[in-house]
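Take a look at these structures.
Look at the two complexes coming up: subunit A is in both, with subunit B in one and subunit C in the other.
Coming up: the complex of A and B.
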């Protein structure tokens, strides 16, 4: 009973709770007055391979590039659109035209004024062509009109309800047209020396050590930014990153820059604080996916049995150190605010789950052999960190209870990706899903049959084909009415959990660790947002 | 004159070695499954096949292998190591930027290990089977058996977190922006712990070798002769034995030059030292083959040069060797 209560907490409740936790220590001090100047050091891990955020959407790039590039919109604490480079906007009743009015007096770091031509170029020539999310988010965008320098009109072929939640500096950065015109965006000379309109200017990148950003003195928001300089430091070893925070050498670490195992210790440090705010648009879920080309995994009963055999609360407590909660299906409960999420699906967290799982295995025609085993499967260990091996070790134990003998296979990133997404030579994979701001952005591609694309990473590699689900997701992509969209997603979640092409494990809760000298650092988008208001105490 | 001809000959011999390494590496590293485009596309989360193909064409991975090979060798002969597409920078630029810190770390660790190691070995040999010998033996055994990364972390816990003497990591303090002698001092403060962590293992090794080598020399005829003609023990040790006893240590140090580059990966990772080891590891992980080949090439050159220096030193210590 209490389990369900926890799951039903909305994102807003969690948010309020975390505001309270985060605000408590600040309130104790006698509200310090903001102070200008100073150099803030943030930890970013791993070091980005490139700063071409418009062409590569790896998660370690935006903490740096959102200081430099800006988007048309940003988002408030309810994740509703808020003004950024666009001052205001109107959506036509049919949902097919969006008119953006742009901020006046904005200049790029190279001195060029920012106009609607830059918006047009950034979307039509850059994002649509080289942004990995472009083909999805901008699929309906046919053209952009620029009636005057401060107005940009988006023309859409069909309504695209997910577009308005995907226009932040992280998703769709605005680049300077005159810098990009006549070049290949991927080979642009400013790929690693970015020029944007943001509060900080790129200064230098000393590879293997740090990226330095200097204050943009001509930033369009009056009086901002507060800091003189931001340094993004790269330290490969997790224990040393924690030590750098404890020693006061670094002020800020978001996402997985700190090992979950270290977080409790760091929270006890007198100079450090922590917050779980700013991850509302992440909606990260850990999962297992099943290769349905394998005859035994093609049986629904086997897949459901595996889903029953796993104690998600155990994973939360022991693998993710409590910084997570059990997942019920393919959508994160973060989508409660939009009404898309439902927990009215087949539930695997029932008391007699092991018995049910064993019965399902019998029904599927896999009786226990003389050694008690029903079948042997390989689990491909996610190569992005140690927690995945821990998770795999638990899965092996859990599935042994229902007679499945699991062998763990650890390979490096390139080999792992090739095995699971090109060669399809796997049984069970343990991926990590980030849904993004809207299910269209990061959920559909794992389940719709049109996303079965050999050689493409993190799409439907399961060979899951269900015309009914395809239809629902297709309709949800075009449905402008939020209530009707929610109904479609509820139906889709029921079908997916019933079919179990994957087993959804935990909703990951990220934690930001910061030095208490640093103030006003966390906005609704967390580390994927400019630190223009952040300031450092002496 | 003959001595220099000998060095020239050794140098000439090194050329085909380096060239062989170049060819072998080119084909060997292509045996690893997956390529740079798929890793980069993978990190991006979702990517269309067109996007991956776009990257592949950009990286030149769509061309046939023999063509890639010929282009690579021709460029390498002109000292052009190619372009790291993943890092969007020329390989030579990336490698040269990392070479300085690596060489600095290596030389410091090496000097520390060789000088202190030799000294301790000497002390232990002189005072063999006394408490001093026992203390040195136990200490070296501990250093020898301790993994580098653990030692590094313990140094950080003790000297950075508790005592606050040294910074935890990095090459220098960027936030302060030191210049001139202040910067040298700052870098030295950052260098102290990684050099210690890297050097202690080798220090232990050289201490053991030096001790054994000294003891071996004690029984030699020339020592007996020297003693018979009435030379002082001090003169026998420093004038006769030291040079001979040092030779095995030096030879071993030369052979280990390559190890020191490889072994520094762990220490570099723990201390966030911007060296070539971590660069190589990341390049391998991301299948950045151009960069990896460049690093192998430069490392091979480095090892060859160090071996050459060691040989020159050996010849000076023992002139009989060049014959």
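Coming up: the complex of A and C.
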């Protein structure tokens, strides 16, 4: 009796699920029949220190929390807005009002219904106050009206085109108002026992071991999620993480959960697959930044010469194990989808680049001394891992070709940050930029003069001041028309590459390693997206 | 002393150790001529296996592993010897003063020594390097700072044992000053133990240095065996030669110094002479 009931249920669900599979953009060679149930194990590294994703932007939190919290929007493969908790939306012609219509019948994991009051509270009381990206993304948001429980109206002081690309569950998670009201968001009891509307519910966190998430049986998308359970496992040792994937004990590892040096070996494993999709919103770039307060580096020719001296393809092949591509400027080429990216800038990857660099150094008034050296500079080694020391060692050799004697300096993270962002006592620094979904979020702050803020990390520490660039970036912040915005960014890239306040090295390509038994796991937002459609083969 | 050297020469293992160390010294002297480009230069294609052109292969950036081993030998010997020497000088001074003057000074100095002995040596060395920020000098200081307590305890023990002997009492009775008794009578009589233990300190200092460099706490501008191994570790399964040769270099050097230390100990220690 009960057996037949189960079969009938699964047949109906299979039908439903196959609709989703047909719409799934990652096409399988032959689509096997989706199967319900099972426990999926994902590797997350390092273990998050908190699950308060609404207040902390560390990259190791969202793989867990995007299963639990949802956002108003999600994004399609062109990174255009798609419905999530908001069913539809409407932007007023002047760009200053956005009306969101919300999904019906959505409940939080504690049973509370989801309404526009939760949206209002999540943005005005939580995101605007404690989200680290709040001051940028929500700068123009003045208030949210809630004419009825399923309508939320955002009122903006000025058009904010970057807002609509920053509303995913990772950027702006929607929390339950009744749980948060009257508490400090950071100390809320649910900070580490999150309650959201997502396909999986928080079950337990065994520190140092794993986080367990159970299926949300009352999820609002019919028939989803497919999996019964997700375990996020924390394994400190990189070799053991790779071995867990090879042994089939773990099914999924995204971002840096696997050492780049191991990826080729894992790709050769018959039970594992890999994909580079789902990282479109990361736009990560490795770079050098120059302290323009130093008289040597105040000269544009010297900065350009350094940019010419570096063989970016060498860094891609030998430091990043091939999982990257050479960068041409401050914007990653993933911004091609929005039209913002251009490679029509001064190109440093020309065949006679070393000759050009040497000529520029001569013109700048730094002839070679009797020992062949023109000047000595310090390079601050990024303290976030070994890859940066390798990159520094290469740059030391590369700059020796144009007569610059580089001394490497490696210090602990706190000292390095203080030297580069508070004391400004550095020559060249090797940072890592994540642009995020829109240049406004993670690009402007490195170059505009208003972002020269002593003591704030990862902002304009170069003392780069160019009123023309400031004007372009200001205009791009407020310009609602995508085509006109793109023109502004093209112009800004030309100016930045010509001025070279930094040298942009490589666009980092992340790789997701997965067990071939796991299907439909990668969407446009990769690991920062709910695994509601993912399912496990027997 | 001369008889001691003769006894040392009869010890085959110690002689073998001395031969290896002689080769290492020879390597450091000839390195600038063998590898004029230096160990950091990008000499060829990355991750080439050992060949005629690169007898020990190249690493992930295309640097000659052989050049790295040669330059690393210089770093290891330089740091090992100068750290051990500083530790011996400081340790002997502390132990000598404590053992000769006794009383409250002894109490104070020995509690200080024990304080340093109870902290795990490697952790303290790491901490010191981080505080002083990694450079050749800070690594030497850190290693010396964790190595001196052993010498201090040794010298104090010897001084206390010798302090009651007739010849010391006699010279004190003849009106010899404290420093004169320490430097003319006490120190020469425990020099053999200091040499034996001090030579072993060189080996531990080299191990400490490679450990620090492996963890990225060495001077990034100086090639070191530890740095080579740490850089090659990620490609261990695909390019064994990057880690293996510096590893063998560490093994041989440290083993040889230990053999020499044992040989010296047996040759110079009167209690072991009859074995």
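Miscellaneous remarks
To be clear about the criterion, the second predicted complex is superposed on the first by the 508 of 538 C-alpha atoms of A that agree within 3 Å, B and C clash if a C-alpha of one lies under 4 Å from a C-alpha of the other, contacts with A are read in each partner's own complex, and residues count from 1 in each chain.
By definition in this document, contacts are C-beta pairs under 8 Å (C-beta built on N, C-alpha and C of every residue); 3 or more make two chains touch, one makes a residue touch a chain.
Keep in mind that what you see is a predicted model, and the values were worked out from it rather than measured.
Clash-free side-by-side placement of subunit B and subunit C is the outcome of superposition onto subunit A. Set against each other, subunit B and subunit C touch different numbers of residues in subunit A, with B touching more.
Contacts of A:525 after superposition on the shared chain: neither subunit B nor subunit C is touched.
Contacts of A:394 after superposition: subunit C is touched, whereas subunit B is not reached.
When both complexes are overlaid on chain A, the residue A:206 reaches subunit B alone and has no touch with subunit C.
When both complexes are overlaid on chain A, the residue A:50 reaches subunit B alone and has no touch with subunit C. Looking at the shared chain after the overlay, A:412 reaches both subunit B and subunit C.
In the superposed model, A:236 lies in contact with subunit B only, and not with subunit C.
In the superposition on chain A, A:453 contacts subunit B only, with no contact to subunit C.
For the pair subunit B and subunit C, the minimum alpha-carbon spacing after aligning on chain A is 6 Å. Common to the subunit B and subunit C interfaces on subunit A are residues 412, 415. For subunit C in complex with subunit A, the residues that touch the partner chain are 40-42, 46, 60-62, 130, 133-134, 216, 220-221, 230-231, 234-235, 237-238.
Against subunit A, in their complex, subunit B makes its touches with residues 32-35, 38-52, 54-55, 58, 86-89, 94, 97-98, 149, 153, 156-157, 160-161, 164, 167-171, 174-175, 268-272, 274-275, 278-279, 282, 284-287.
Residues 39, 41, 46-47, 49-50, 52, 56-59, 130, 132-133, 135-136, 186-187, 191-192, 206-210, 212, 229, 231, 233-237, 239-240, 243-244, 246-247, 249, 412-415, 417-419, 421-422, 434, 442, 445, 453-459 of subunit A are the ones that touch subunit B when the two sit in their complex. By the touch criterion stated above, subunit A contacts subunit C in their complex at residues 259, 261, 265, 317-319, 381, 386, 389-390, 392-394, 396-397, 407-412, 415.
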